[in-house]
Amino acid sequence: MSLNTEALPKSQEVTASPEAAPQPWEPRIVGFACNWCTYAGADLAGLSRLQYPPSIRLIRVPCSGRVNPQFVIRAFQRGADGVLVAGCHPGDCHYSTGNYFTRRRFLLMQRLLEYMGMDPRRFQARWISGSEGPKFQQVVTQMTEDIKALGPNRKMRDVE
Amino acid sequence: MITEKMRAAAKELLEKGEVETVIGWEKGTFWYNSTPAFISKPEQADRLVFDEFCANNLAKYLLDYRNADGKIAVFVKGCDARAVNRLLQDNQVKREKVYLIGIPCPGMKEAPKTGAAQDTASLPLLAKCQSCATPNPVIYDQLLGDPVPAREVPNRFAGVEALEAKGADEKYERWGKLFSECIRCYACRNVCPACNCRECAFDANGLNWLGKQNNLQENQMFNITRAMHVAGRCIECGECERVCPMGLPLMDINRKIIKDLNELFGSYDAGLNLEDRPPLGHYKLDDPEKFM
Amino acid sequence: MKYAYYPGCSLHSTGIEYDMSSQLVAGKLGVELKEIPDWNCCGASAGHTTNHLLGLALPARNLAIAEKEGLDVMAPCASCYNRMKTSEVAVKSSEETKAKVAEVTEMEYEGKVGVKSALEVFVKEAGLDAIKSLAVKNLGGMKIAAYYGCLLVRPVGIGFDDPENPMTMDDMVTALGGEAVDWPFKTECCGASLPTAREMVGLKLVYDILTMAQSAGAEAIVTACPLCFMNLDMRQNDLNKKVDNANFQLPVFYFTELMAIAFGEKPAKTGVRKHFVDTSSVLAKYNLK
Amino acid sequence: MRRTGVFVCHCGSNIAGTVDVERVAKEAAKFPNVVFATDYKYMCSEPGQQVIKDAIKEHNLDRVVVASCSPRMHEPTFRRCLESAGMNPYLFEMANIREHCSWVHPDKEKGTIKSIDLVRKAAAKVVKDEPLQKSSIGITKRALVIGGGIAGIQVALDIADAGFPVTIVEKEPTIGGRMAQIDKTFPTLDCSACILTPKMVDASQHPNIEILSYSEVEKVEGYVGNFDITIRKKARSVDMSKCTGCGTCWEKCPTKVDSEFDMQLGKRKAIYTPFPQAVPNKPVIDRVNCTKFRTGKCGICQKVCPTGAVDYEQQDELITEKYGAIVVATGFNQFDHSVYGEYGYGKYPDVITGLHFERLINASGPTMGKIKRPSDHKIPETVVFIKCVGSRDEAKGKSYCSRTCCMYTAKHATLVHEKIPGSKSYIFYMDVRTPGKGYEEFYKRTAEEYEAQYIRGRVSKVYQKGDKLVVRGEDSLIGRPVEIEADMVVLANAMVAREDAGDLARTLGISYDKDNFFTEAHPKLRPVETHTAGVFLAGACQGPKDIPDSVAQAGAAASKAIGLLSKTQMESDAIVSNVDESRCSGCMICKGICPYKAIDAKLITERVGGKMAERQVAAVNKSLCQGCGACTVACRAGCLNLLGFTNEQILAEVEAVCL
Amino acid sequence: MKTIAKSKVSALLDEIAKEFNLLVPTSGDGASKFAPYTPGSQASFDGRTLLPPKDVFFPQTEKMYKFTTDGMAGSLETVLEAPKHQMLFGVRPCDVKSIHELDHVFLTKGFVDEFYQSKRDRTFLVSIGCNGPAEPTCFCQSMGVNPQEADAVDVHLFDLGSEYGAAGKSENGEAFLQKYASFFNEADVQLPAVAEFALNPNVEGITEKLQQMFDHPLWEEVSKKCLGCGACTYLCPTCHCFDISGRVAGNQGFNFRCWDSCMFSEYTRMAGGHNPRPSKKERVRNRFLHKLQYFPERYGDLLCTGCGRCLSKCPVNIDITNIIKQIREVELA
């Protein structure tokens, strides 16, 4: 009820997982990847040995249309520094239309989060196809760099 | 005088047995309180009133009568009528089970600050009525009185635009302060005609959508999710904001979403008719593309 | 109705008849024309072939002046109209172009006003009913070939009439009691300035148009462009001299001249006496003198 | 408390080279609900799988996590492994520590930390896994073919030959379609009718084929294997069981009408068959033009009919039948070139289309095969062909190439040369595209031996000059304008979707593209299937095609349909949406989201306050659901859930990776 | 009596704040409530706060236990913050009554809630009297509260217009007045008359009458307009229901309690889905019976202070005074 100021940690108080303690801070990006395109694109990046920062943790979903905007808020609550939702290019959806709903939902969500004061670079939605290993690499690398520049996320973050 | 017509209409419907209950308004504790009334006998019809304080959107009470045997009559202002459309489009009530008595609405007034007797004309319009573009019911079986002329409506997105222009941290701080005030009484949700789930996701057992803690983060989750759930479905009756005991500017969120939906996917006003589908329920191939 | 009037160079010189008759028709139709103060060249021919931005900026300046007064522009000359329309569309569709144009002209043109041709204002907007009700004389079935030229209805997509088979002038002719002949050369090239630079190339084009009009049975040609008018009217004598068996005597009118005459104006006031090809006999034939 | 086992794979050195797999296993053993964790060189190998099976037994595991490669690779392998160990195969998750970790993160420490996170994620999800079962449905062994052109006929014959009953629904009075209108076929120049009509007869005589001509599909309900289809048999005014097709009626009918089959170039009667070889060869009355129907007088056909088959009172008839598969073969239309002002907006009678030309050269056509121009029946000496009319023109027509025009225009030019001695053909083209067997050679012959003059460029204007048509264009190869005075102009109009394709698509629940062609499920890998299970595509309704391609696709569609019909039961995946009916409010927003029409409303009855009340809830047809989960997000209350990817599971993963 | 000019109060607060964690009524941004006082900031002593002071003792969310697991082993720890001396300054008599009722719940009948007790024990109460209704919805007099004076506090301040008259109500209170004597004058004072209250519900015999009204149709009638929100209970100074819930993150977690409301449909829902209070009739009835029957039966006091918060903020104007009136009007067979 009263302003819970403790819930807003100062950025330097945020620590990464204990194992990483001696290492410099590495952003934590939660990625939602559709099984047919982006997850396959990430697999292709692996097959092609395309290196990118170990910041992203991919959660596999059948279709980007499965990603509920509430998942995104939950990730920020629990300490994600960035969230990526990625799926097939419009027209390429394995389920033909799922990503059109993704597009509507997250165009809206992106604007709403920005309105709530989130930096738009922390929440991204991208189309990455199964053949776009290099694009996956580039998106993750770019996002990691952007977030490194922004520093750890403290907004919406629940410290309990 | 609308009140007389209301009473006559209610009496007639009940006497003829056409409806089993009439939902309207009656006077409450003080002269500036008008409160929902449920009339089921003709002789009670004289309790009904229509004055500047009948702000309550009555449509949502129809949910309480889903299993009624007979028809339910309800008085609808412009916003109540849009709320009925919301419920009809969401398949929550059946058109043939409700009888809608439309009342063109001159706009509702705020309760006086002190409670002292004063001329109602001098009271300001309720915030929710100031930007109302549909004072006349958009769906009804019977209309009491003549439609009121459309009011000059200020840009209803002005507040949103002002906020959008602020910096990220400033925005976050503002919302943080507001959401910290939220006591999670759920009045905003419970009064909302678009929140018509049988059981709210937040109330469900075992689902982990929202923690019960009252802290900024969970309050953010609640308020953002509530807004997303009514996205494209909000009929802008402004009841959420009106009933918030903490006075949170909830329409600033709802309107932001409406503004964005209009900009992104084409202009849409929920509840004006039954045909146009909410923007998050369909898509167009040529929707804006930002995710390449 | 009130319009900013853009005469351009022609209507103050070689196309003076178009100006005279336009003013008369405007008066009859109740269209107020206010000449754009301090107007400049529309940039046709030389301007837009020299520099793209210049080609947009010159007309934009005229539009900017009109915009200050909140008036749409009426440009009777097809070239002026085409240049201004091009500029209007370019500014409306690109913020970048708008900014560049503003920088060059040192004037803000926001694209709030646009340009219309005289044909659009006097026929499309006024409406055939108004034209019929104002007509006190009838063209009496005069067979007329409506000739639009290449610029008035092009490029595709921004014009006011069909680019391949425009009908606005034909409808006007019919409304005034004439017979608009169906012919395929409504939008052929008149040769523009070619008859001057490469005479025989240009004259061939004029020859073809006149021949086609004649073979369609036309007794006169009606046009809405000062350059078309000049080529079709002035070159007939040349052709008669230089081409074997050519003997053209086909009167050419501005559509506004025919309208003004039908509205009861004395033909002399409309400018028809200034034409190279005699107009009096055809007018006499249909009791329009 | 679950009993989870975690198995970390080395993948030789693929993983172990850059990830400390032992440490991953050691950390995993500390996770909640994990009772056993180990690492092994190759988990997917036989001995590796044995490690899992043994541990399941020894440690009484009820959940399994394998940390190895991409689940896109080995998820099925390990699921089978669980199954053979007696476990439900869906109580299993994979952590992809190879493609997503060891191969892309060379830093061993960071890679190991990420691997631990990924295993934690999988372990958090697996405890929320529930045993899932595949469901199955019965199949009606019968196919419906919509459209009786060459594609539809071929599909029907193939399916019927495989032993399944087939119904062809054709909206015209006869089957045969566009191919029946065509005179000769490229590149062999054999007679179209000669190869089509035997097939039409085969279809009509096949014991497994039923032809419903002059009929249309009205309504489609149900789903794959179990479609309920309502067909409207339009009133023919002729009793099919009595009519012998003797032809007396149409001989005696006094009313002549422009023939649609002859592209309005010839006449037919008001009671008619479209052409002599029609199948069924029994007439229909065109009620719009029939004098009897217009004025009530006449009735000659009824009088002359020897079998009393003419029935003026006949009504449309609706029949509903069950089918297991549907093949759509509704074909195409010709682009309407009246939008082209430069070709005269369709007002010059001697500017005709390719199909008109086919009728003009056909020996049984309106001119008995003599090429006569429509205006004055003069035999043209100069013929100009214009290609890409409506094709490859985004401004006025369609953006696509119609694929057939280059070849049929070459064929037409060849036939002009053959039939009109001393004639000259000019062909305006943008490109000449001849991707087919023998096609390029045919084109070469047309240009070289048959002296058709190919001019590369667009035509800017066609106009009438005397009795000639002047065709003005540009030869872009020499950069000069050209003008040709022609006697006839033949336009190669684009192939476009039928104007009612969108309506049929909505009836069937299939999708269609911006040009109204039906959309295949995948442009490369599923070219004859649609997104609606059990509905297949054949021929030009899916996109422009020539006859060989249509026939080939028809064979493919037939084999897909046969594959479906040859099963008794169809198994569907276990990863499907599931409705919590107790919480569903029946708002049905999910219904509009589903691309497979898998969600529908149903009524349930429950006790409320002492009395029985009915209410609507969403119901997922598990056979149709493909498991995309887009509906689950639309469900505000969260009572739609995707099994295998539930809200609870995904939230658990989010929490686990954020720890 | 000791008096202090109202203009000197802020100087006194500045002084107190040096020693106490001082909570005062504020009405800055948002709703008025008790919030920490910092020197120079504005306290607001006009009327009562929208939010009652109950969260000072009974926070809306309160962590109770922490735990960690390690395989099958684990450890549990109570989270109890070390008491810190705090002062609640400016509590109105109605809210003083509410603290008294909360004490009944959390400290008596053989059960002591250590979380409540630790905060209650370390809180010094200073009340301020009202000379009439602070809001039109006030009806504390009808609930047995003397609006001008509270007794169950350490120090009470009478409102004398431009000054307060101070009375020590406990040993600590007397000592406090001694300590800050320099801020006070000694004067003869006259208490102003109490202004009239618009709402005067008569609660005489109500508990006994309600004992016979459990199945009365009145409940159906009065509950129809209820939206089932928790505004009334969360603003009520005496409502004290809570739920205990937890959060687990990997190998650790904690339990916390948070306010709950009997107006929520899931309040009484059991794990299997059965709900003994299935509709708002049962829920509304419970709220009023708890306030007017069950609580008095157990503790002897009505669980209502007449502060009027619920009826001023109820979205549909459900009015406890009106319901009391309707109960009185019922004629029992």
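Order of writing sets the labels: A, B, C, D and E. Residues in every chain begin at 1.
Here is the rule we go by: contacts are C-beta pairs under 8 Å (C-beta built on N, C-alpha and C of every residue); 3 or more make two chains touch, one makes a residue touch a chain.
Keep in mind that this is a model prediction, so the values were computed, not measured.
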item: Components of the interchain contact network lacking subunit A; value: one piece
item: Remotest chain, subunit E as reference, centres from CA atoms; value: C
item: Subunit A-subunit D separation of Cα centroids, rounded to whole Å; value: 37
item: Between subunit E and subunit C, distance of the C-alpha-averaged centres to the nearest whole Å; value: 86
item: CA centroid of subunit A to CA centroid of subunit C, Å; value: 61
item: Multi-chain contact sites of subunit C, meaning residues that touch two or more partners; value: none
item: Residue numbers of subunit D (touch at least two other chains); value: 593, 609, 634, 647, 651, 655, 659
item: Subunit E residues counted as touching two or more neighbouring chains; value: 51, 60, 247, 249, 273
item: Of subunit B, residues touching subunit A in the complex; value: 160, 163-164, 168-177, 180-181, 183, 209, 211, 213-218, 220-221, 224-225, 227-228, 231, 253, 256-257, 260-261, 264-265, 279-280, 283-285, 287-292
item: Partner subunit E, residues of subunit B touching it in the complex; value: 28-30, 33, 35-38, 56, 60-61, 64, 114-115, 177-178, 181, 183-187, 189-191, 199, 203, 205, 211-215, 239, 242-243, 245-247
item: Complex interface listing, subunit C residues touching subunit D; value: 156, 162-165, 184-185, 212, 215
item: Residues of subunit D touching subunit A in the complex; value: 70-73, 96, 98-101, 103-107, 109-111, 113-114, 116-118, 121, 511, 519, 521, 531, 575, 593, 595-596, 626-630, 632-634, 642, 645, 647, 650-651, 653-655, 657-659
item: Parts of subunit E lying in touch with subunit B, wherever the complex brings them together; value: 29-31, 50-51, 60-61, 135-137, 198-199, 221, 224-225, 227-231, 233-235, 243, 245, 247, 256, 258-259, 261, 264-266, 269, 271, 273, 311, 313, 315-317, 319, 321-322
